[in-house]
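Below is the structure I would like to discuss, written out as structure tokens.
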Amino acid sequence: MSAVPPRTLAVRVLIGLVLAFVAVYVGYKAADDPRTFVVVGLNGLTLAGLYFVVASGFTLIFGLMRVVNMAHGSLYMLAGFFALELQKNLTGGEATSAFGTSKAGIGDWIIPLVVACLAVGLIGLVMQQVFLRWNQGQELRQALITIAISIIIADQVLANFGGVAENLAAPSSFPETVSLRLYDISYPFFRIFVLLVAIAVGLALWAMIKRTRFGMIVRAGVDDRQMVSALGINIQLVFASAFLIGAFLAGLGGVLGGTMISVNKGNDTTYLLFSLIVVIIGGMGSLAGAAIGALALGLVDAFGDVYLPAGYTNYSVLLIFALLVLVLAVRPLGLFGRPA
Amino acid sequence: MTRSPHLVERALWWGPGIVVVLVLAAAPLLFTDFYLSAVLTKALWLGLAAVSLTFLAGYVGMVSLGQVALYGIAGFTMANLVEADGGSAIAWNPWLGTLAGILVCTGVGLLFGAIASRSYGIYFLMITLAFGVIVYLFFAQVTQLSGFGGVNNVDRPDIVSNPVSDPANLFYIALGTAAAVYVLLRYLGRTPFGLALQGVRDDPSRMRALGFNVPLLRMLAFGLGALVAAFAGILSVWWNTRISPGSIDLPRTLDVLIIAVIGGLYRLEGAWVGAIVFTVLDNWTRGIDIVGGRFNTVIGVVFLAIVLLSPGGLMGIWQSITDFVGRRFAGTGSSPPEAAEESAHPS
Amino acid sequence: MSIAATEPESAEPILRLRGVGRRFGGVLAVHDVDLDVMPGERRALLGPNGAGKTTLFNVISGEFPPTAGRVELFGRDVTTMPARRRAKLGLTRTFQTSRLFLGLTVEDNLYLAVIGVRGGHLRPVRLSGRDGPIRERARDLAQRVGLERQLGTLVGSLSHGEQRQLEVGMARAGDPKIMMLDEPAAGLSRGERVALTELLLGLDRDITLILIEHDMDVALGVAERVTMMHDGRVIVEGTPAEIRGNQLVHDLYLGSHHAHA
Amino acid sequence: MRDGSDGGRFRLWAFLTVLAFLVAGIAAGCGGDDGDDEGGVTATTTGTDAEATGEPLRIGIFSNNEGAFAPFEGQTWGGAMLPLIERGATPASDDPTDGVENAVIAGRPIEIVYGGSDSTPDSAVEEARRLVEQENVEILLGPLSGSEGIAVANYSKEQPGVTFVNGISGAQDTTLKVRSENFFRFHSDGTQWTAGLGDYAYNELGWRNVVTIGDDYDFPYSQIAGFVAEFCAIGGNVTERLWPPLGEEDYSSFITQIPEDVDGFFMGVGGTGTVAFVNQYGQLRGNLADKIMGGIFMTDPVILEELGDQVVGVVTAGMTAGDSEEPAYLEYAEGLGNAYADLEGTASSVFAYGYYTAMEAIAQALEEVEGDLSDDHAAFREALANMELDAPLGTITLDENRQAIMDNFLQQIVEDQTGDGVPDVQTIKTIPQVDQTFAGFFSPETPSPDRTNPACEEAEPPPWTVQGGGG
């Protein structure tokens, strides 16, 4: 093994010190009020679950095709609005999202979920087939194309979906809260549900990438793009499927997030930004990286809002920036990134 | 024997340029105060913001979405240091504030460039986008510096006069700045530094192998882009007389990208061509019920069409026309392909 | 600029590798390579695709550091030295596919190659006093590789052969002590190969030459010693004659090579 | 990737199209400069009305057609059009933003010029400039959101020849600090809207320790400032003020921070976050009705429909009373629903009501001066400044900063009685004639409301509180 250059060593020591400080500080706060610590930790974990579902689609598309889909957040937002409209139609406007008053049957949530995800997956597929397929390898041009599409989608959503920010109603058969044995906490069930879905999505993607031929090609794509191109005509089918799955995951995130948080016109830029940060931290194209990145972002976001010293909690967004700079300073390609 | 097509091509290339210069020089006589200010002056400073991107993209192959954030840093720094409503209560001389704004912006550009310049292509694009959004959030959150309502009635040097009632001064200042930046960037392209940047654009690892310090070159280029963006930021605050986080939010970031792409990412002139198209379209479509009724959809479609049809933007199309006409005049079609702009795509 | 002072005596190798390895993720691209190249030597690296030749080149030129072992240039340990500083020491290289500045003219490409070694990269003004000699040198180089008539042409519109010529011209710009060429003859026509071989044979003997080459005629015509790689390791080293006669080489490489032809 | 000749031709066409766009645009730009008779979306100069003899008067109206508040554009325009419709104009279509036809006030035909911004101050000023300097409007009605109002009020100082009337932007500084001579606001600001809440919390609910939570920008600052001023003046204690960052959607970590042992909290979250906040609170903490006081948005008809039964019992305050039985109010509400079917039931929205009172004030002042603005608006402004506007929900007068003094309504959300499935609003108290200073608490010299201002301290109680001698 070659020796570590002294500069890198200094940076590593510095980062170690920062992390140690953060750990001690959070530990001190946790000991002070363990109940809050657990709840905030769960807030962060469940948020991370949502981020992971969205970002995994983003990183999958990038890993295989080197396409940065800047319309990923727009797909997220579209799915939320599609599901919301459909749910209103199904329930005749009865299913208010309000706490304790959901009148939505299980189908009133599942059907919008499936339809919205498929619709958005299809939009992603059309996007890829109509605009991106002919520009393969021109990464910047593809990014610009998706930016243009995101601008158009945002404007059309504004024109066609009126009203204020709303929530999708969770099925009334879901419990509102679950009781934890710990500190007598009752915690929103749906947030836990999102976390479970995220874990399931992660395992499914992992199995797909490790066990299937499709996954083999995706893995090859992350390591060596030329090899993928050399695999023959089938590759167009693989690209199309990847885009479909990626967009589908954005849609899934949109419906989950729309139920857990809200369906909102600003969702597109917010979740594009979160996806970018997650994959920049984790490394583009890496599933494990997306998981780590989502965890880092979710936890920093949740704890920053609460644990910064009084008067400074408004600056928690800057912690995310610090995190980003820290990672990039040490690993320009992200924690799990590999050179293209 | 191929002299005549060259002459025609040159005439097509320089003719409109000369007309533009003449029209601009006499603009206060030709246009109303409102048009001079809200369309032309705005196009000049937006063009400066866009040219900082065009320079990075065309000369160094760095497509940055952080230029709006950078001009925001210059604008906010100045607005906070001089007399104004909101922000910190310092009341420096406006020139001093301006200088400080430019220096701080360039400094941040260099620092950020040091981090981001190790990333290339779309990685760089994404990192600068994240940077841009976080700068926006910073100013939205640190209310000591701005607050959501921003800094109003920012003091200006006397020479700027009142941009509403007496817009000619600011117009000429913006025109002079734009012209100076354009000429200097053109000149820079032929200097060792400029050539080295273009080498980095075309092949960074080859440049390393030749003995160049590529990260340093990219960092300096980013700093230079920040300097140009700082001019745009200062001018925008003088023009608006205010700055708020909303002045540098994501839609504004995309506006500058759209302007640069519509004009042509790989030619400096394109920045201002795109800016004038943008401001004219914007002003024209406001208050008019266009089909579908929405400016952003229109501009999004135009943007998409340009990216799909002509990666060189309007300047690229103009180049194709001059080439085409030139070939017609030559009568053979044997003139060599203009590879400069096409092959310069850093993809 | 002279390296002579740091060179103990000519018997010392100008390039020495000891136990060099490079790992990418789970793949070992180069493993435990020892190599000594003497000053003025002409050395060819042979081996089938994926043998690790280009990775070894990248480690030597400093594109990335080795994950194991040690690299010495001109008697100095340069294992972690960045590429640009090795270039200043007098190491120059070309790349497998043409790596030129396609958006610049021939003259500007050569100009960059010259200032790469001479410095002044950051000068943002044009000074005729300082640029004149560099431009002169660039034009001189163009002439030496037969491109004097294409000085103002954009490199993107040169023919493939002309681009390879320019590669060599740029590699020579800094008066290198070691020149590493990665498949200089790839994609050239027969006539162009002959011209290239002559160009290489005509190089000053002060320049140490290391080349990766698939074309046996070029490789064995130019090289004095040949190092054969396979699966990331050096398997044979010898004169061209020894290599031709080696059964292992025959099985691994020449056989398949002829089968292709 | 070089294009073939087909691609080249395609590009040429694309270029020519864009060129045509451009030429047309520049032509329109120049044309708009010199022609008074061009550019309005809703020209009403056909002059079918016999009385319409004077020069057309151009009034610019702008609200938000982009950004977070864009969904409320229809309500603002409906409110603004209603006074014209009441005076004989007819809606151009069922979309209020299309304007009206045959509008006449005091014998002068009215041309409405359309404008729209995106809730950022920059865009508001750009739009105001276009309407004033290019479209040559004489009166400008707008804008919608808080930060926009401050910027436009500042700009109005540059244009002394034009009269500005605020739309519904509710920041305190707009009139209290900027004090532009030709800028008028005919509705109460975000601070005034909370009058009565602190008193109710302290004296009726017995709250002593309260936490406030609001999105981190000026409109919530103004709202929470009013609550803090009143509640603390009579002896209450605000223990913590939480400010989720602008654009935050996941409020869970902030809800977690609200101590379980406080008596209650005041919620000043903005229009886009209210539904998400309330639902997330329900999930994390259970029923909130006995713990919360809401800002203006909780009783907004559109938002209330989303919130549903979980907010029954919550007390809020604001300048509209949806349960009012006053004939004037019923007439106004019916008129709005008749003119625009989509706006049925939104009469109590502050967006509709704010733009309505503004346009009604303009119309009455114009009638008083018989449509004559030739004295540089002097008489017209005099009429505005001294007006006692007999609005549907009570009289509105202006103070010396041209800021409305008007009634405020303390309201409780109650179970649905009308059978439309949406909870109803019941007025429990009317606080008469609240002024911007809160009976002297705020002045041009007090710091602008922000995260920490005003400080929580005892003071002279406002007159409408129990301690101040009120109800």
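As written, the chains take the letters A, B, C and D, and residue 1 is the first residue of each chain.
One rule holds for everything that comes next: contacts are C-beta pairs under 8 Å (C-beta built on N, C-alpha and C of every residue); 3 or more make two chains touch, one makes a residue touch a chain.
All of these numbers come straight from a predicted model, not from anything done at the bench.
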| message | My parser should flag the chain pair with the most contacts; which pair should that be? | response | B-D
| remark: In terms of mean CA position, the chain most removed from subunit D is C
| From the C-alpha centre of subunit A to that of subunit B, how far is it in Å? | 32
| request: For subunit A and subunit D, let me know how many angstrom lie between their CA-based centres, rounded off. | output: 36
| field | Distance from the mean Cα position of subunit C to that of subunit A, given in whole angstrom | value | 46
| task | Could you tell me the distance, in whole angstrom, between the mean C-alpha positions of subunit C and subunit D? | result | 72
| query | On subunit A, where are the residues touching two or more other chains? | reply | 138, 158, 314, 317
| In subunit C, residues with contacts to at least two other chains | none
| note | The positions of subunit B in contact with two or more other chains are 137, 141, 296, 337, 342
| Contact footprint of subunit B on subunit C as seen in their complex | 61-63, 82-85, 87-88, 92-93, 95, 99-104, 108, 111-113, 115-117, 120-126, 131, 154, 156-157, 170, 173-174
| said: With touch defined as at the start, can you tell me which subunit A residues reach subunit D in the complex? | reply: 36, 39-40, 43-44, 47, 94, 96-101, 138, 158, 162-167, 176-177, 186-188, 190-191, 260-262, 264-267, 270, 301-303, 305-306, 313-314, 316-317
| message | Per the contact definition, I'd like the list of subunit B residues that touch subunit C in the complex. | response | 187-188, 190-196, 198-199, 201-203, 205-214, 216-217, 220, 336-337, 339-340, 342-344
| In the complex, subunit A residues that touch subunit B | 66, 68, 131, 137-141, 143-145, 147-149, 151-152, 154-156, 158-159, 269, 273, 276-277, 279-280, 284, 314-315, 317-318, 320-321, 324-325, 328-329, 332-333
| note | As the complex stands, subunit D meets subunit A at residues 1, 66, 68, 70-71, 74, 216, 242-245, 247, 249-250, 252-254, 256-257, 271-276, 278-284, 286-287, 302-303, 305-311, 421, 451
